[in-house]
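The data blocks that follow each hold one structure.
In the two complexes that follow, chain A is the common piece, with chain B as its partner first and chain C second.
Showing the complex of A and B:
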């Protein structure tokens, strides 16, 4: 299958500290990939490097585009909506997305908003943490792109809603698109993962298919991850 | 790729709302001041005009600062930096949206000025009758339309210069911070801020000095063309700062996480 994402020799330093080095990664299309790592391992930084928000060295290509502008056309990333005033209504934020992203699918957004119980008349400041996260998920998945980056999208969402979203997330994705999702609820997202990528000691130490882990190593994803992940350093 | 016009409209909307709040505040001050003078028994037809003249500077300065904050906030949030558009386009559209809204505020103020002038026209007639004579004494060759047009262009250039200088200070500090160890950032940021601000102040004072000289030349000597020299100098500085800003923005300035 064609590679959606290719990362070669990626390095990122900030404040005289090595955050990530020698990162190599290739992701094929149509996969759901879990990006795992301890707090501060560099997961968010890796996602920001893919979008072009963080400035590192090395080569990143998404669907054949290597420039930051080109990559942004193919990537939908969970924006934390800091650019909007607290009194902004959800419907106004949707209009913003519809205007600035040519690939934004309003109909899909309406379906997602209904599924996630989002009220367009509610103001951003009035949203609970969980509802805000639901809005971010709805906006991110409403774009029709090749690569979706969800950075800890379920934090603050109650367990019932979390399971509901996780179980249905695949149906909101285009068939050939890849989803890279980082989350601490490893056991909850494990059933939908095709592959896992583990960030540890400032680089990617594992990129493995979940089927291989279960069938050949006879371990569930969480146990495998916990055994692997020991003594990592804080780099985010 | 995002269409520039679509992004311009999205960048303009929150600024437009802010400008209307500024106008609303100005009108409120006008009403309160008028009521107070009416209570004191000192309200005349020309009162709103003079009150407005007294307040006019405040919305100008407040809007300039508010729009500068909007400019910087835009490039520092992922909401805007994730949009598939080049950094130079984002920079220009951001500045353009602020400028369009500042001009909108000036227009609204101009209309308010005209309305209050009309209300108090009869009372103010005596004062204004003397104005053309006074001007003709200064210089009979001064073209008031040309002078007004030049003043607007100088105002626009001064705005762009202020905003691009603020961005330069902000971007340089931000870029420098990313190279420094965290524990030294505070001290170095203060040094950079002071250094760049001193340079900016020297630049502004030289600019004001030059413009004052050129203005007096224009009014007393009838050499309005000299004003355009000042405008050209500002344009060059704005272009140079703009190029530098876009370069720093695309190379080192990352949107804030929180």
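Showing the complex of A and C:
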């Protein structure tokens, strides 16, 4: 199977502190992958490194491109809508995406916006946390790329918005593309994940298929994830 | 749909579809929804649905027609054996649990008979409400 994302010997320091080191990761196409880790473990940093908006040492390749400029063409990531003014209307943000990204599919955006009840006339500052996350999902999934990144789309939102977001992922994620979605509360998305990747102690400590965890360890994903933080003596 | 996250999801998806075949909610020869639609209906991963359907095709309970989708087998005796299998599984659980309470085989039969009788009376009284 062809790899969509390959990370080799990635290291990243900030203010002389190790944030990430010895990161190795290969993701195949057509997968939904949960990126798990405690707050501050480096999940967002890893996403910024993948898109090239943060620079570390080591090699990151997305669909054969290893330069930051090349990678950006294959990765869709809406970094918390940073850079948009609070009084910006949703419709203006969509127009910006349409102008900047040649792979932006307006038709697809309309479908997503309708499904997620987004109102183009609303201003960014007036959006609830849930609506803001829905906008991020709609913008991110409207690009036609190989790798999609979603950073904590479920934190602090109501259960109805969560369901809508999960359903949009199932419905609109292209067959051959891979989604890397970070979360620190895995049970709400466990049924839609093919694999989990856990960031702990400044590196990736686990990359495993969810069905293998259920089948071989007879554990739910949340419990498996939590026991990584309990002493670490239980190695069977 | 809520799944038990300790059990492989594809096995639970199979159980859901088997149940619908045995109860007739899915009829022999009926077409299943598309994979992505099933994933949406069950709120699960598309690949997991694919895996569940793949094993059901291998077992002969579903028939895949290239380009047209997946269909429930028209082999009625095959569906009957599936029903037998599901009944056996339920009975095995009950039998095991009652044995664990130190009931003999005869006592198990007697208590099941008594239960069914009482249950029947209850349901009758409901009907007369």
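In this section, the second predicted complex is superposed on the first by the 226 of 236 C-alpha atoms of A that agree within 3 Å, B and C clash if a C-alpha of one lies under 4 Å from a C-alpha of the other, contacts with A are read in each partner's own complex, and residues count from 1 in each chain.
In this text, a residue touches a chain if its C-beta (ideal position, glycine included) is under 8 Å from a C-beta of that chain, and two chains touch if they have at least 3 such contacts.
Just so you know, these numbers come straight off a predicted model, no measurement behind them.
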{"item": "Partner chain in contact with A:164 - chain B first, chain C second, else both or neither", "value": "neither"}
{"item": "Touching partner for A:222 - first (chain B), second (chain C), both, neither", "value": "second"}
{"item": "Chain B versus chain C as contact partner of A:72, first or second or both or neither", "value": "first"}
{"item": "Which of chain B and chain C A:123 touches, first, second, both or neither", "value": "neither"}
{"item": "Partner chain in contact with A:11 - chain B first, chain C second, else both or neither", "value": "neither"}
{"item": "Residue ranges of chain C in contact with chain A within the complex", "value": "3-10, 36, 39-40, 43-48, 51"}
{"item": "Chain A residues within the chain C interface of the complex", "value": "30-32, 163, 166-167, 170-171, 173, 175, 187, 190-194, 210-211, 214-215, 218-223"}
{"item": "Touch list for chain B against partner chain A, complex", "value": "1-3, 6-7, 9-10, 14, 73-74, 77-86, 177-182, 185, 250-252, 254-258"}
{"item": "Chain A to chain B touching residues, read off their complex", "value": "14-17, 44, 48, 51, 53-55, 68-70, 72-73, 77, 79-85, 96, 99-102"}
